[in-house]
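Encoded as structure tokens, here's the structure I'll be asking about.
All chains are identified by letter, namely A, B, C, D and E, in their written order; residue positions are counted from 1 within each chain.
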Amino acid sequence: MYSNLWLIPFFPLVGAIFNGLFGKKIKNEAAIGGIATGLMFLSFLVATQNLFKLIGDTEKVHELVMASWINVGNFQLNWEFLLDPLSAVMIMVVTGVGTLIHLYSIGYMHGEEGYYRFFSYMNLFAFAMLMLVLGGNALVMFIGWEGVGLCSYLLIGYYYEKKSASTAANKAFIVNRVGDFGFLCGLLTLFWALADKGVWTLNFVKIAESGHLLESGGLLITVVTLCFFLGATGKSAQIPLFTWLPDAMEGPTPVSALIHAATMVTAGVYMIARMNGLFAMAPATMMTIAIVGGLTAFFAATIGLAQNDIKRVLAYSTVSQLGYMFLAMGVGAFSAGIFHLMTHAFFKACLFLGSGSVIHGLHHAYHHAHLHDDPQDMRNMGGLRKKMPITFITFLVSTIAISGIPLFSGFFSKDEILWWSFGSTRGHWMLWVLGAAAAGMTAFYMFRLVFMTFFGEQKTAARAKDHIPESPFTITIPLMVLGFFAVVGGYIGVPKILGGVNRFDAFLAPVFEQAQHLNEIHAHGTHATEYTLMAISVAIAIVGIFTAWVMYIKNPELPGQFVAKFASAHKVIFNKWYIDELYDFLFVNPCKKIGTFLWRGIDVKIVDGVVNGCAWVVKGIGTGLRYTQSGYLYNYAVAMVIGAVVIVGYFIF
Amino acid sequence: MITVNHYMLLSAILFSIGTFGVLTRKNAIVIFMCIEVMLNSVNLTFIAVSRHVGNMDGQIFVFFVMTVAAAEAAVGLALMIAFFRNSDSIDVDDFNMLKW
Amino acid sequence: MENLVQEAIQNVNLQAIMPSLVLCVFGMVLLMVSVFSKRGSTTHVAWLSIVALVVTGFVSLSGWNNPQAGFAGSVLLDNFATFFSMICLVAAGLTILMSDDYLRREGFPVSEYYPLILFTTAGAMWMASGTDLMTIFLGLEVLSVSLYVLAGFFRTQTRSNEAGLKYFFLGAFSTGFLLYGVALLYAVTGTTKIDGIAAYVQANPASAMNTMFIAGGLLLLVGFLFKIAAAPFHMWTPDVYQGAPTPITAFMSAGPKAAAFAALMRVTIVGLEGLQSELTALFWVLAVLTMTVGNFIALSQKDLKRMLAYSSISHAGYAMVGLVAWNEIGLSAILFYMLVYTFMNMGAFAVLILIGKKGEDNLTLDGIAGLGYKKPILGVVLTIFLFSLMGLPPTAGFIGKFYIFSGAIKAGYIWLAVLGVLNSAVSLYYYLRVMVQMYFKDPEEDFSWVTINVPTAISIIISVVGVLYLGIVPGSVIQLAKLAGF
Amino acid sequence: MEAILFYLTATVAILSAFFVTKCRNPVNSALNLVTTFLCLAVFYVMLESPFMAAIQIMVYAGAIMVLIVFVIMLLNLGLTVKTRYSHGLATSGFLSALVLLITTYMVRAGEATGIGGDVTSEVISSYGHTELIGKAMFVDFLLPFEIASILLLVAIVGAVILSKREV
Amino acid sequence: MADYLLSIMTFFPLLGILVLLFLPRDNGGLLKGFTLAVSLITFAISLPLAFDNVFTTSGGMHYREFYQWINIGDFFQMNYNLGVDGISLWLVMLTTFIVPITVLSTWNAVDKNIKGFMAMLLLLETGMLGAFVSLDLFLFYIFWELMLIPMYFLIGIWGGQNRIYAAVKFFIYTAVGSLLMLVAIIFVYYFAVQSGAPMNGFGIQELYKLDLPYNAQFWLFLAFGFSFAIKVPMFPLHTWLPDAHTEAPTAGSVILAAVLLKMGTYGYVRFAMPLFPEALPTFIPFLAFLSVVGIIYGSLVAMMQDDIKKLVAYSSVAHLGFVMLGVFSLNLQGLAGGMIQMINHGISTGALFLIVGFLYERRHTRLITEFGGVATKMPIFATIFMIVTFSSIGLPGTNGFVGEFLALMGAFQSSLRWYAVFATTGVILAAVYMLWVYQRVMFGKVTNPKNENLKDLSVREIIIMLPLLLFIFWIGIFPNTFFSKMNPAMEQMLIQMGANPVAVVEPATSETHAPAHSATPATQADGHK
């Protein structure tokens, strides 16, 4: 029935291997990009087919076992895929957005050295991501989980000659590994806990079936889920492991769009959703997730307020939006979280690609003018709306969507999350406050971005001013498609209160309903409350936009004065709350110091010192004894007499 | 009544004196003579014990000890002469080329 | 008077002394031959003495499994004695093979050298086969006196003189102790026959507590311990080994040592059985002390002969472990070990003889740098001997150590075995250093003076074959050692 | 009477032995050694072993001592006495004292239990000591006797080799 | 052929040495080619083992060979007693597989005394194979020590600057341990003899059945464990390893890492643990602690190294920590993880050493600071290095992951849970040091002019790496190829170690138990033929 499921990850894998092995020989960029994009599109087609099949199917959970993987005693693990509404949504997002970004890359990466390498990595990433979302057991998922980390590493380090790029790549992978540590611990503890009850499995379906064997709310389940959550924070850039994501902007922009906005970073959200049954059983974990998510949304937004690099603003925005998703997960709004995941994928990909288009244009102009200004610094931009109309429009649409203005996709998803955070049995009004404040700030800094980039005076250096082109079609088409979805993507999930039927929620229901039901997770409250909250959040967003307008269009001196007035606060925010420095201080430097100490101090001095010391002592004793051998007959005779006296004396007395 | 123990005590004393001489003297020939004292003390024991026990084994042993002493004297003195020819000394402290 | 002669003749059993008799006759004939041979030509004497040793070997072997006692209990040519005799014969044979060229190189082609070795061997045989302390003592003296001469053989070299003199004085001194011990044992038991002593103690168990008996036994052992170079009676060894002509050093480390072990074993195991608990404790301590002293001091040696001297001390320590064990395995292991040691140590010395210049001043660690490259075959065989001395498989040294420690462990002396193996770990260092010089350092000299002569080559080949044969298929020889043990 | 003789001779023996170790001049030591040998010969006579006394004087005092003195003279050592002729007095003295202590203790605490042989004073007086020695040597200890001959041969050969002047 | 397969396989390299000795010493190509041929033939000889399905059904010993060797009645008996089961099978295969690769790797690296080098390699191969297939403790010990000799020379003659120190240290360090083991071996033997148990020389299968008192087991385990711990090496007995690895020539390092270190872990699995099961619980917490310390410590120290080879060496300490942790968890998953991690480490770390060797051959330095930007000059190399790096990190899909995961899984299921949590941090640290070194060597701009003219890998070098890469993915994706043949033997071994291999739930696994039990009398019968 769903036996072609394996084709979905298989196509990108073929592309990755093909381009990886033969890409270098193929000089034709179009061919390389075409193969990669085409294979992604094939994968998208298969995904679509499966999605429709699933929609029409009454049975919503399907497993496909491909082969046996690890088979040791009772631990029997297969290569298996799982298709249910959740993974169906994910594969659509991954293949859909992925195809568009591939297409975009054909133009964007034009002329780059290692073009084939880029597409090989991108395809490999798609493969890994699809393994992640389709994996039928935790270990297949983990393959994808680490695989996306690997690809992220490779792609961030794409410009490996740049020190900052390779460092960022390392940081991304290592921070992810910290998360993986949590994931592994969780997985292994879960396996042990279940094995203890006689269920030897890592299969998601079986885990979901036998989750009830564990004590609900018990220590074990809390530890397991907390570990998983640690994994999720790593992958999805949440507090405390979010620092890698802004640095990851060192990669080419399509990478940022695909990996660091639309797909990979949402893996953590997906994972929690996938294991919702377990998480639902651990209220403490849920609360932690909600708080962490809310705080992340808030703090990342504050940092976003003060950044000048166009991609970094978007990166913090991504962190912030991921915080929303976690907030959703934490309060039990699983489907809302996934919904936001999807809409976010559309508008954030669009934003990234738009920013890429801007950078591309500026880069082109600078190149033309032989300037070496930073094409990503917003302070060099301005007034681009006339130069790049398509980019501008799609960008603006997406910005509105992310700001949560009604009728755009972001509104529906964000609002549902805010509502749940307020009204859910696992929610709290403080969470709502955090979310709403973040929403306001998001509106502010996103419009700040738009205003600085597209409005006002052109601040680009004079020589380059007139050479900023609109991007080619391969770039603008994806922009337009994504812009379209940024507007309409939300309509599949219009909440009931606004007259919708929330098809999205209904589609995902088989995955989440049971857990929500069993653990009494639901949002409650009157319609009035809901309306009020909705209005407040919209108002906050509008205030944010207005403030941005005031500060950056009407009265451009204001930000400067503002900064001067709150210099220290600005400095803290501008420097990202000094989190990187804190981590350097807390972990990186101590590790290096400990490493050096262990090596120079312990290993060489003590451990090896003991060994060499033994040798030294033995040799020293030898040398000492050697001098007993004085060469004088007298001494020898004395030794003999002493020997005889001692021997005889000892035994006769 | 002089018993075998008297002889053995005397022999013990002589043996100790011989040891003392071996340990203290530097002149190789004197050391050799001191060793002869030790051997003689043993001979005394042998003969005394031989009489005490009542068989001739000890006496025969003494006989052979004397033979050995003679043989050793011959070889030892030859060695000393050879050494003396090379280094003009038979002081045992000069036997110190080989050490450590 | 008639009576007396008859009685005397009754006691004579020539078969019991046949090997040594043959050897002595050959020795005397060779003395005559050397009188009439041209000065400086020694080769024919050397080969004749090889013939003597071979003949003696056959004569000895014919006595296998056919114990012969004679001379009123003075001598017993049993398997034990035969085994040790064979070891001594092998040692003497190898010595003679490696001597001829050496003597000429060092400018001392004196043919009396060979008869002296034969007499030494005969003395060693008497030590091994003697059952009367008198026989053993006289055997020991024949052996010692010849060795004094042989050690000081290069009479114009001060080093050789000094070696001879030191050996002589300390040897004579230890003889004093040994004799005193014999005298005391005689005083207590009224006999000098080993089985007589044992029988007396068996009949009068109280005499095992008699201080005279204990002291006598211990003093007697001191004499033997001196010969096997057990600490603290080992101090002559390095000096003498270093100063003596190299083949004699090789010989001393194998043949006479084996003979001393033979005597020591017969005396302790048969004669002083009553003192077993005291003696095992003593040997325990001395074994550890001996191997430790030998190994530790060897670590800082630069002169190869001296280093091997210390190593031979430590090997005596290992062999003593078998005595501590005091069981069938441990005792027969000593026999086996001495045989193995003969091959490996004499082989190593033979290689040293080949690579030495006149005067042998180059036999230091630095002097053999890069030998493995300039003279690869010599390098390889020396390596094999060193591995055997270390006790690494698949060489005989390993089997030997295994065998010895098996005895100790079976008897429950685990800590002794542990100390033993730790000691051999220490010993690795100085053996490895030789290899480091041979292979890991670049050659400084071209070793052009090294010429391989046939007899020495034969001795090396015999040693290599012995080491490998006893290392890989030791079964048959262990079987023999088992039969020869008590 | 016997006791007096014993103690007197013992005193002389001990003193002369001691002087062997103490005299600066090796010749004096040698002469003292001869005295010791003679004292021992007296003891041998007291122990009814006249033959042993005889060879003690002949072999020891005669042959061996002559050899020693001869070598001393040959090497002219009598005149080359060094100022310090001994060393390690303290250590050696202490050790020798210990040796003395142990040996005397051993003799006193132990017991010469080996008795009951057939050679009594009567036997000696009836057969004669020399005959008994001869009988024992050629009947019971023939082999050691023969070995002794080899020993002497070796010693002679050795001495000859070692003291030859040229190769 | 099959009857003598193990002997032929083990001694074929020795035969090769005999022929090698008569080849002209100047013709390096011939010598290397001949050695390659010998090692490849050895590999071919061993191949039937890998394809024999008997291992999937029975955990007992197969391909038995038994001859009396030394038989001294009541003294001792040693037998020539060979056999292979699922546990040693893959280690044997790894050995025969890795040796041709090392021979190839010497093609340009070794130009001094080639004959000696090749002879030592082949001797080493005989030693390693012999140690893996010996079923007689005495025989095992002989092969075990035999390995020491060629390795000593490989390090000492063809090594780097400080080779003498490293070689002597390696030799004495390992010898100390093995000598203590010798004492223990002898003790076990006589204990068995005195207890009147049916014996077959030093045959381990009979010794397995011994019932030693706890006290004896304690000390014996200590002796065996100490010896093997040095070889593994476990913290704090590891300091010979960085020196030996750094100084050894590439081929030596590869073999040392790939096979020799496995002797230690194999020793635990085959000897120390099943022979003394009662002492095991006493030691496990301690040993597991050391393993975990080794993981973290090795990683942290590796992180700060400035010599690539030393870094890889310290990473071995960490990797083997996982192996040991898995083995000590005393369940099937852990043991399987440990066993497969042995193979993985052989492949991945072997490959890393080869990679370092490639760099060294080109630049004659291994200092990280000397490199940088190599990826631009050597893209193929960069790719291969990357794959191996990730295999070493344990990326899922590569071999490293399967081993680490199973080892940790086993540990999590056993009483070593808390140790395992700390061990899991090794996952992070591995990424830190490997990626950091990769970044510093490969990424960035070429700043050192000496790196301007680096040539990418030659065809030979790629051929060397390809089989390793193949297995990196093979084990990562289809580890069942290996597990299926290991499982029965591991179950049997766990029973011997006194552990319940699994709480048998599914009927499928209980079937595999049956032959495990029935194999025991069969081997007993073998022993007395």
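The criterion applied here is as follows: contacts are C-beta pairs under 8 Å (C-beta built on N, C-alpha and C of every residue); 3 or more make two chains touch, one makes a residue touch a chain.
Just so you know, these numbers come straight off a predicted model, no measurement behind them.
Asks: Chains touching chain A and chain B alike, please list them.
Replies: Joint contacts, listed by label: C, D.
Asks: Which chain has its Cα centroid closest to the overall Cα centroid?
Replies: E
Asks: So, comparing C-alpha centroids, which chain is the farthest one from chain D?
Replies: So the chain farthest away from chain D turns out to be A.
Asks: Distance between chain B and chain D based on Cα centroids, please, to the nearest Å.
Replies: Centre-to-centre distance between chain B and chain D: 7 Å.
Asks: Between chain B and chain E, what is the gap in Å from one C-alpha centre to the other?
Replies: 65
Asks: Could you work out how far the Cα centre of chain B sits from that of chain C, in whole Å?
Replies: 25
Asks: Taking each chain's centre as its mean C-alpha position, how far apart are chain D and chain E in Å?
Replies: Chain centres of chain D and chain E, defined by C-alpha means, are spaced 71 Å apart.
Asks: Would you mind listing the residues of chain B that make contact with two or more other chains?
Replies: Where chain B meets two or more other chains at a single residue, that happens at 4, 8, 15, 18-19, 22-23, 26, 31-32, 49-50, 52-55, 57, 60, 64, 68, 71-72, 75, 78-80, 82, 92-93, 95, 97-99.
Asks: So which bits of chain E are touching at least two other chains?
Replies: In chain E, the residues touching two or more other chains are 172.
Asks: Hunt down the residues of chain A that sit against at least two other chains at once, touch-wise.
Replies: Each of 615, 626, 629, 631, 633-634, 637-638, 641-642, 644, 648, 652 in chain A touches at least two other chains.
Asks: Pairs of chains that touch, anyone?
Replies: A-B, A-C, A-D, A-E, B-C, B-D, C-D, C-E
Asks: Where on chain E does chain A make contact in their complex?
Replies: Within the complex, chain E touches chain A at residues 169, 172-173, 235-236, 238-240, 242, 297, 300-301, 303-305, 331-333, 336, 373, 375-376, 379, 383, 390, 395-397, 401-402, 405-406, 408-409, 412-413, 417, 420-421, 424-425, 427-428, 431-432, 435-436, 439, 442-445, 477-480, 483-484, 487, 491, 501-506, 509.
Asks: For a test of understanding, state which residues of chain A touch chain C in their complex under the given definition.
Replies: The contact residues of chain A facing chain C are 615, 618-619, 621-623, 625-626, 628-629, 631, 633, 635-637, 639-640, 642-644, 647-648, 651-652.
Asks: If we count contacts the way the header does, which residues on chain E are in touch with chain C in the complex?
Replies: Those in contact with chain C are residues 69-76, 113, 138, 141-142, 145-146, 148-149, 152-153, 156-157, 163-164, 167-168, 171-172, 175-176, 179-180, 182-183, 186-187, 189-190, 219.
Asks: Give the list of chain A residues in touch with chain B in this complex.
Replies: Against chain B, the touching part of chain A is residues 626-627, 629-634, 637-638, 641.
Asks: Looking at the complex, which residues from chain D come into contact with chain B?
Replies: Interface residues on chain D, with respect to chain B: 2-3, 6, 10, 13-14, 17-18, 20-21, 26, 29-30, 33, 36-37, 40, 43-44, 46-49, 51-52, 55-56, 59-60, 63-64, 67-68, 71-72, 74-75, 77, 82, 84-89, 91-93, 95-97, 99-100, 103-104, 106-108, 112, 114-120, 132-133, 135-137, 140-141, 144-145, 148, 151-152, 154-156, 158-160, 162-163.
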